[in-house]
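Dropping the structure in here first, questions after.
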Amino acid sequence: AADALTLQLKWVTQAQFAGYLVAKEKGFYDEEDIDLTILPGGPNIAPEQVIAGGGADIIVTWMAAGLAARDTGVPLVNIAQPFKRSGLMMICPKENNINTVADFPGHTLGVWFFGNEYPFFAWMNKEGIKTDGSPEGVTVLQQSFDIQPMIQGQADCISVMTYNEYGQALDAGYGPDNLTIFNYTEMGNDLLEDGLYVMEDTLDDPAKVDAYTRFVRASMKGWQYALDNPEEAAQIVVDSDETGAATLEHQLYMVGEVSKLVDANDAALDMTTYDRTVKALLDQQIIKAEPEGAYTTVVTDALK
Amino acid sequence: MIFRHRILATLGTLSALLAIVTPEVVLADGAAAPAGRLLLLPIIGLVLAGGIGLLTRWTLWQPLVSLVLLFGSALMLPGAVAGFAGAIGGPAYWQSLIAFWLLTWNFAERLSAAIRDGRLPETGTGVIIPITFGLTLLILWEAITRGANVPPVLLPAPSAIGTQLANSAPILWADFVQTFIKSVIPGYVIGCLAGLVVAIAVDRSPFLKAGLLPIGNFMSALPIIGIAPIMVMWFGFDWQSKAAVVVAMTFFPMLVNTVAGLNAASSIERDLMRTYAASYWQTLLKLRLPAAGPFIFNALKINSTLALIGAIVAEFFGTPVVGMGFRISTGVGRLAIDLVWAEIAVAAVAGSAFYGVLALIERGVTFWHPSVRGGRA
Amino acid sequence: MNRILPILTILLAILAFWYAAAIWMNAPWQNTLNGRADLTDVPFLTFAQQTWGQDKPVLPAPHQVFAEIWNATMGLEFTSRRSLALHAWITLSATLLGFVFGTALGVGLAVAIIHNDASDRSLMPWIIASQTIPILAVAPMVVVGLGAVGVTGLVPKALISMYLSFFPVVVGMVKGLRSPERIQLDLMRTYDANPWQVFWKLRWPSALPFLFASMKVGIAISLIGAVVAELSNAAGGGLGVRLLTGSYNGQTVQIWAALFIAAGLAAVLVAIVGMAERAVNAPNGVRA
Amino acid sequence: MSVTTTTSTTGTGAALAVVQAQNLGLTFPTADGDVVALSDVNLTIEKGDFVSFIGPSGCGKTTFLRTIADLEQPTSGTLRINGQTPENARKDRAYGYVFQAPALYPWRTIEKNVALPLEIMGHSQAQQTERIKRTLDLVNLSGFEKKYPWQLSGGMQQRASIARALAFDADLLLMDEPFGALDEIVRDHLNSELLKLWDRTKKTICFVTHSIPEAVYLSTKIVVMSPRPGRVTDVIESNLPRERPLDIRETPEFLAIAARVRDGLRAGHSYEEVV
Amino acid sequence: MSVTTTTSTTGTGAALAVVQAQNLGLTFPTADGDVVALSDVNLTIEKGDFVSFIGPSGCGKTTFLRTIADLEQPTSGTLRINGQTPENARKDRAYGYVFQAPALYPWRTIEKNVALPLEIMGHSQAQQTERIKRTLDLVNLSGFEKKYPWQLSGGMQQRASIARALAFDADLLLMDEPFGALDEIVRDHLNSELLKLWDRTKKTICFVTHSIPEAVYLSTKIVVMSPRPGRVTDVIESNLPRERPLDIRETPEFLAIAARVRDGLRAGHSYEEVV
């Protein structure tokens, strides 16, 4: 019989996960003899918690959150890293007169928490800007998952993902000419985003490792197909969304943006970004010790 | 009554013995076995003595002493059984937990019977029972998380939560001030007052009653979760939006209860007021509001818990980086589940204290109501 | 007719207020938009219309919300995932299940508390404490925890509804079951009625008004519970999920539409409990 | 036993009439058919009258008092209190009412219950204290000021409710079996106190009782009613002097009136046939 | 007026005693001091006795009945019902109780209210129907079976509550002013019905009343009580024959007993000094 696997996504069903959705829809998992269940996430679902509780076999999460979880005793291991670059940005409307990082102090910045806050704090830490709300530092707001705080003027700068909220900002009439944009990748402050993680002990089981390998192979095939056929991929995403919230237009935009971050040919972890991620986390004492065995190449090696 | 006590006592004692005299325990040969077995003997003695003491009842102090003995041994049971290598999570372990539960229940039954008969004073002894129950829950929780090996990221053990509670006191305090003092209290006061005033207005004017009550019901039945993001959009990130959510949340129960309470005065009581040609306000103040007292307190108590939930939930949709709701949501994301539960514990204590104060006031104000007067007319 | 008139008047007042508020709240953004488009001296009426027609307004105008509700219910097949009717049904089923659980649990606990001193003393404080646990914090853990043992779908949501809705029922029922006058209880005592008889012939009938008052609060809260549970788990749909996704995408119109359907649902449910109350009271001869 | 005695008192002296009922009728609709509580009642009560109502239980005595008090609306006929509608009379606080049940508020002490009408009618604090003391003395409840109603015996509760109705000085007193739960001694005592009060203050009193001697002893006019439908069957004017020592009850005049009342009562009664 | 009359009836015949009280005392603690409701009560009631309790309001009559019924716990002395503790007697359903207030359940019709004890004691449906009909007939409430309590007059409610207590055949009847709200005719009627019932069934009856003629007419034994603290001041044995036509009330024997009761009542009364 097919190997049953459950994949817990980091967020709601959207084109950020197009590869997996397409692979499932196109039967790539069936071809690899994998019976995959995809669980959508949401703002209150911590994938790390789900996998620790045994609710999933594989999760999609950000490296910082994965390593932090490993540090608190959930032994997560990265088995593949389709996202090579970060989609995270901070945008500030021009009228707020923020043009460089030096202009930040005294302003209010919107940040997502729930495991998404690490890149921001790593960046501020690197720049030496305090985040405690003092006059020489910045005031941090827990931001909702949209661009309302910017429109409402509640925050001077807000966090966006290139493939999602930035699109909302564009729709709302914002753009490069009236926004100051801080792109984490371009600044070299990017931490690794969507990777695939499993529990460490399962890797002792060769049958499991084999199943993971087939899973990753099918997933990468899905990514390739999605990047090649953006329209069809967007449609598949919309059809997979049980909530009926996803719109074709927005998903199409998202596929386009995500394609800039994903490398469909290579699932392997990029060690420079990995090291930078680890260093940033260590600097901030988000993790206490250099992680050991937080990634494995057995799966990606087997793909080659 | 007494019959049930005996059954409970017998069952408890028997199942405690059963837990000890399992092959698992008796034949255990782990490292801890010899020492553990030594410990078992006095426990068996205690259980037997306590059990016999429970089944015979000569004087007041005698069952009490045996109860304490029994309760003490019950407390030690799971620990002692767990002392055997591999016994954690085994049948003997669970058996001892069941025994523990039965014995504690018996303890509570006995104690409350003694209070009811006047053998023990209400003040002082009265609080022992809920505390015992709480402790029992905590012990069971601890034992189950350990026994069943529940991952701490799903449900941490109370001991871990306690440690976190002690370590993060300043954070917890700041969160408490932000959420409870700044959001809950003003929101609660405004919401309850508004509910009361609207209920009186609605009751006063048939036009409003016909027009506003259905629409008011509709509006205020909005699931607050939904209005939370809207309130954040309208009132900003800080406590004002949370207070607004609390207002919206406490309004409906107060409205419904007060409207019901204002109809609680009996017809002869109203007739009396009619014979005095009492004005509307006089009837309201001297008859209908006092008669509505029990209903209004009902709403106040329900609201005391709703308010806290409302404020915390609203903080999920955007806050400054302080507040109980903020800490809980980010805590889950960071897998700092013990901090989350520490925060929950603070919320529970604060909410219970809030409720308790209201219940005390209620006893004072509606002393005349049969439900408060109780058996003694 | 004289029941409709007041409602209509108040409704009209609210609508007027709402439209005015929409102009006021959407104006800043509209000004920015117009500024960007180099539009100046927009006549007030046109401006008002603009504020009522924004894509993602701070406060959507009533007609936008109702158009969305109409399109998303009548305009679509029931089985379509975009159909609000479908999502409302998903939420409703969890609400009802949770409400039934919650009422049963609440009544059961109240009965235990009334009849057993030890339960009264030990349970009541903890029942209260249980309600001070912020449910949204626990809901995801419940969903995750139950998911880990393979319970998914309707039941976790219903459990959360139950958790919220049993409380008003316990509080109300304890009060109601204790409401008989002393003399009424004495009468039962002279018959040496057993607790079961005292319960069915005296306590229960006197508690009925309290039960219905509590159930009205309980069913509204039960709906909130279902929505909260949906917020923690986007899988499976429901009004909560619509609220959530609407909020990610800044789709205020969608949020409001989901909210109105939820409120409508709550109102209908409360009304149904009210009807049940009247149906039960009629044969009991309770004076109107 | 005909209504002729009644008609003789209507018509004239309307200017002085405190209560004037003409063809008064009242029907309660109930789930299983209408109950005619009052039908075709004609009655005039003049200022200073002491009128007792007597009749089998369920004949409409309470209903008639309630109608006077504007607590029930007649379904036919007219009713005038002091020449006004009952509603206006009520708003003028024209009467004090002692209900058949004590109807004390459980959250107020006895003293506070008696104070209730005084508070509502805006008496000063000093006046309140004085009147509470006086009326509680009158009904012999001194010493129980601070007790709650549920701490008193049935008769004490009833006395408290009498005190409450006497506390403010209404010119018309409507008393529905005020002494029902009291023993003979207290009753005699309160009867003579009530007579003194009435004589002194020239109040008009409507008094429901089941005791024939009490009715005869107290009244200037005794209204005998009969049930199904509730109607007035006899109105007996008493020619006893206004000053009435207790032993007047042994005089032949007294006994004659009592006999007439008893006959009227028995005639209106359905018992003789039933038993 | 001394307790000597009492002692003569205690001691002997204990085997037959239905109620036996020795040095019985009961004190209510209230917020502003204790109320001594009963003090040092000695009383023996034998099987077949018809005992009336008479005394000023607040003297402890209700409290004594409630103590017999195991609704209050004595604070001193002993009390035996049929040789048992009051609790066991209650569990044997040894008595029927008519409260001073009707205490009908508002959600039940009159018929259903009367059925209540029958349901609880597990009578068959047919038996219930038959008994309801019989007892409602007895109190002359036929035709009101389907009405709710609040649709009845005060006296009718009281009669319904009497019917309820008579519906199941208890050997001991405790009646607290059962006829207080009834007119003389109905009262006479119910008095003689009650006497017949008592004579026929040999029940034991404890009867609180405020009417001296009623007490004398009905009783084999009249207990006079006085208040503050509540105590028995006189126990008067009546030597009237068991069969008592209504006109027995004019005989000298009757009047003599009535006079003694009135004296006892007056002596126990605090009025004479107060007024």
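In order of appearance the chains are A, B, C, D and E, and numbering begins at 1 in each one.
Simple rule for what comes next: contacts are C-beta pairs under 8 Å (C-beta built on N, C-alpha and C of every residue); 3 or more make two chains touch, one makes a residue touch a chain.
Quick caveat, the model's predicted, so the values are computed rather than measured.
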Shared touch partners for chain A + chain B come out as C
Moving only to chains each one touches, count the minimum steps from chain D until you reach chain E.
1
Spelling it out: a chain qualifies if it touches chain B and also touches chain E; which chains qualify?
C, D
Which chain maximises the distance between its CA centroid and that of chain E?
A
Considering only mean CA positions as chain centres, point out the chain farthest from chain D.
A
Ranked by contacting C-beta pairs, which pair of chains comes out on top?
B-C
Interchain centroid distance [CA atoms averaged], chain C/chain D, Å:
53
Roughly how many whole angstrom separate the Cα centroids of chain A and chain D?
86
Distance from the CA centroid of chain B to that of chain C, rounded to the nearest Å?
23
Measuring centre to centre with CA averages, how many angstrom lie between chain A and chain C?
35
Among the residues of chain B, which ones contact at least 2 other chains?
154, 229, 233, 267, 316-317, 329, 332, 337, 373, 377
Multi-partner residues of chain C (at least 2 other chains)
58, 136, 140-141, 144-145, 148, 181-182, 231, 247, 285, 287
Two or more other chains in contact with one residue: find those residues in chain E.
101, 150
Pairwise, which chains touch?
A-B, A-C, B-C, B-D, C-E, D-E
List the residues on chain E that touch chain D in their complex, please.
28, 30-32, 35, 54-58, 62, 100-101, 140, 146-147, 151-156, 158-159, 177, 180-187, 189, 210-212, 262, 265-266, 269-271, 274-275
Taking the touch rule as given, give the residues of chain E at its contact with chain C in the complex, in rising order.
66, 69-71, 90-93, 95-97, 99, 101, 103, 105-109, 116-117, 119-121, 148, 150
Can you list the residues on chain C that touch chain B in the complex?
2-3, 5-11, 14, 25, 58, 116-118, 120-126, 128-138, 140-141, 144-145, 148, 167-168, 171-172, 175, 178-182, 209, 213, 216-217, 220, 223-224, 227-228, 231, 239-240, 243, 247, 252, 255, 258-259, 262-264, 266-267, 270, 287
Considering only the defined contacts, which chain A positions touch chain C in the complex?
12-13, 39-46, 49-50, 53-55, 144-148, 151-152, 164, 168, 171-173, 178, 241-246, 250
Chain B residues within the chain C interface of the complex:
105, 108-109, 111-113, 115-116, 126, 129-130, 132-134, 137, 154-155, 207-208, 210-212, 214-215, 217-219, 221-227, 229-230, 233-234, 252-253, 256-257, 260, 267, 294-295, 298, 301-302, 305-306, 308-309, 312-313, 316-317, 324-325, 328-329, 332, 337, 340, 343-344, 347-352, 354-356, 370-371, 373-375, 377
